[in-house]
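The first chain written gets the first letter, and so on, giving A, B, C and D; residue counts start at 1 in each chain.
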Amino acid sequence: MTENIRVGVLGARGRMGLEVCKAVDAADDLTLVSMIDQGEELFQASSAGAQVLVDFTNPDVVMDNLKWAVGQGISVVVGTSGFSTERLEQVREWLAAKPGVGVLIAPNFGIGAVLMMQFAARAARFFESVEIIEQHHPRKLDAPSGTAAHTARVIAEARAAAGSPPMPDATKEEHLGARGTDVDGVRIHSIRAAGLVAHQEVLFGTTGETLTIRHDSLDRSSFMPGVLLAVRAVLRRPGLTIGLDPLLDEG
Amino acid sequence: MTENIRVGVLGARGRMGLEVCKAVDAADDLTLVSMIDQGEELFQASSAGAQVLVDFTNPDVVMDNLKWAVGQGISVVVGTSGFSTERLEQVREWLAAKPGVGVLIAPNFGIGAVLMMQFAARAARFFESVEIIEQHHPRKLDAPSGTAAHTARVIAEARAAAGSPPMPDATKEEHLGARGTDVDGVRIHSIRAAGLVAHQEVLFGTTGETLTIRHDSLDRSSFMPGVLLAVRAVLRRPGLTIGLDPLLDEG
Amino acid sequence: MTENIRVGVLGARGRMGLEVCKAVDAADDLTLVSMIDQGEELFQASSAGAQVLVDFTNPDVVMDNLKWAVGQGISVVVGTSGFSTERLEQVREWLAAKPGVGVLIAPNFGIGAVLMMQFAARAARFFESVEIIEQHHPRKLDAPSGTAAHTARVIAEARAAAGSPPMPDATKEEHLGARGTDVDGVRIHSIRAAGLVAHQEVLFGTTGETLTIRHDSLDRSSFMPGVLLAVRAVLRRPGLTIGLDPLLDEG
Amino acid sequence: MTENIRVGVLGARGRMGLEVCKAVDAADDLTLVSMIDQGEELFQASSAGAQVLVDFTNPDVVMDNLKWAVGQGISVVVGTSGFSTERLEQVREWLAAKPGVGVLIAPNFGIGAVLMMQFAARAARFFESVEIIEQHHPRKLDAPSGTAAHTARVIAEARAAAGSPPMPDATKEEHLGARGTDVDGVRIHSIRAAGLVAHQEVLFGTTGETLTIRHDSLDRSSFMPGVLLAVRAVLRRPGLTIGLDPLLDEG
């Protein structure tokens, strides 16, 4: 029998952290050994024998957490945002000194969302047109959503690599007032309405046909399958892994 | 047995006119008696005994057509665009002198589109949020579409009448580049892509639920049921009728 | 300034009851004066001066609750199920003796769902074809859903009233195994999948166009706007009201 | 400057053949050199210097066409149906004798449909539930559609390979009357309505999220991008290629 992976959670009392604790606790092959939040000591995690830490804290403390964990030889799955190229470079440096340790940093743990982006990147070169429609609850501060902007970028890259011509568009005059924007030439339409949670549609079109890829996320429990996938994978993946994509390709 | 209604078509060789000729010809209760296009004489229609004319011509000639037809005591169904308040007033004046004659002017003969607008107007006061997503082929020159702008206006009126508060929206910064606009406080998102024809979605949302009304139009044959409905109704409706709405309420 | 309506909740610790308490509490124009559950005395509601009771209890006790409330001159909004023709007749009898009191019994407080059914009934006679697609979480025991079956019935009635011919359908052979059924000639397709909550789509089609009405319900909070609408209306509606429809028509 | 590929069309006056002629003619990198239909001689194609033939004829003549073309050293893209294992074996034998020649036989030239199936196969192992909803015009004789049945099979294979448990489904009783069926454990719902053309949705669901892949095909022009892709590829692909999949993977 394989032994369970021993998992600690940083930011354990935040909204995402709590969900992670519940999900780890419910998984047969994982054991929750440490729950740490603001004002508590990181060494509780090492004392408890954590093999993997899951970090949903905030950009102010995440780098300190990573430095300490890598130094201790503990692998980390990171959902905290705000990773610049400089920060990623710093993490790579720390990892270089600790060959067995893995860090996986993902902007999005929704497997459905990651598949949507992969499929969008793959479909891009076969269609003349593509636009993104993202729909969220009205308490969301930013428009377009980070996922939509990221999707637009991977589509634009795929189109550029394939030498796709500009999309056809005869619109003569444009007006202000529609929420959304254009990211690298791909239009994003941002809908905000009560009753929505988090939804995104990527619409591809060419002569006589359209292909639509749509992701609907109803609550943050939808991220847990992706977090657990990462926890299980990070021990087998020394060094830095960015995003869930490499894990989804594995199977 | 009732006799067939005798129908003439003005603009009979235009794209819409041709469809009308085919649809009239195929209808059991209508007889196509006259097809008139540019450079041909209107009196052919009266000679042929037309009881109803269908006018899909252009804004330059439609007023002359109407003056002549009303003068002859022939009712008219008009799909030509460009009717200002002044023009409507003029038509009413001509009709006042001819009590039995009817004119029906409709900006949209799509029964599905008209129902969509009616339902949207009716749903408006029960939801906190509403946004419109219209999707068209990339050869379309204007954005937003006329139907979307009209839908936004009827929704805004219904919300104003019900005293609806402003829609919730926490978006902090907005960017340029999304096609679409805001009409009377209702956001319209305009998608343009190859493979699309003419589609519109009205999305209503409130706590925990959304209601979506969607219309998909595949080609101009979709307007024919509305044109025939109007042809049959205009003989029973002396005076000026605007839009299909009163006809849809009849049943 | 109008005084707030004083509201009591029966079944206050049930899942729906708790939501009602929260929603009443959050509404500016309502005051929650009494929360009563199993084993507690109804007269607490009258002592607290409740003008309207909301009953989400169960079929075993709801008739006793109604008899008592009507006797006390308190109006009631009822979401409890199980009302036979006999039960409704009994309630009418009690109300006849108390001319000022109102009772509103609704099988569904989702405003979106009720509007969907109204719109479907209204659109039915203008389209050749209509099918219903209902989508629910996989823990649901019945297929098709009650709402879908009810929608099919109102559509079938509207088609019959309009003398609609049978829907076109060239399908030569049919197989078993698709979840769903045919209710009064209207096909219902029942989708069950993890990640879904409660969704329904009514698809109408005719030459060249389709009209789709879709309702998405994410959680039971979606019923609260309908419950509050009923609480506000029941005081102005003496006698028995069935369903939300008459309230939605009022505006 | 590369020279244009010289293309001949067999079955040039059939519905698909005509579309192919138009599409080849409109493509900058292809030249239409020969249009052949029933009763006309195949050697016109070789005289005209065709490098690639596109065959949309019928099962009775397609094998003769292939034998002749391969013998002449001309590559062929085949959209004609009816290829049994025996026929494919025969084609492979002819090609073995002509090392430079390529034949590509595809049951479906819709790039969107092929991508939909590839994405569905890939997503299958990450979701607990999946159902297919296919929507077609009411003149269609078969239900479910061939594309839907094929999609169900590739999903079932992917789930089996990943060891996916049975889908959750608490439905207690099922009724007859819903169009559709179950193919290898995957439910297919078949909608038929006027106004529809050819549409398919694959709905995947797991905890808190759904992923939907939808393909809408409006007319047979939607197959042309796939035919042209095949024409350009077949010259680089000696031997037998089945389906568009290998071409879509190339990029």
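Annotations for the structure displayed:
The rule is simple: a residue touches a chain if its C-beta (ideal position, glycine included) is under 8 Å from a C-beta of that chain, and two chains touch if they have at least 3 such contacts.
What you see is a predicted model; the values in this text were computed from it and never measured.
For the pairs B-D and B-C, the count of C-beta pairs in contact is higher at B-C.
Two copies of one sequence, subunit C and subunit D, touch each other mainly through matching residues, since over half of the numbers at the interface are common to both. Put simply, the chain farthest from subunit C by mean CA position is D. Subunit B and subunit D have Cα centroids lying 39 Å from one another. One simple way to say how far apart two chains are is to compare their mean CA positions; for subunit C and subunit D this gives 47 Å. Mean C-alpha positions place subunit B and subunit C at a centre distance of 35 Å. Counting partner chains per residue, subunit A shows two or more touched chains at residues 127, 195, 204, 206-210, 216, 218, 222. If you check the complex, the residues on subunit D that touch subunit A are 110-112, 115-116, 119, 122-123, 125-127, 162, 204, 206-225, 248, 251.
Contacts from subunit D toward subunit C in the complex involve residues 127-131, 133, 135, 138-144, 167-182, 187-196, 203-210.
Residues 195, 197, 216, 218, 222 of subunit C are the ones touching subunit A in the complex.
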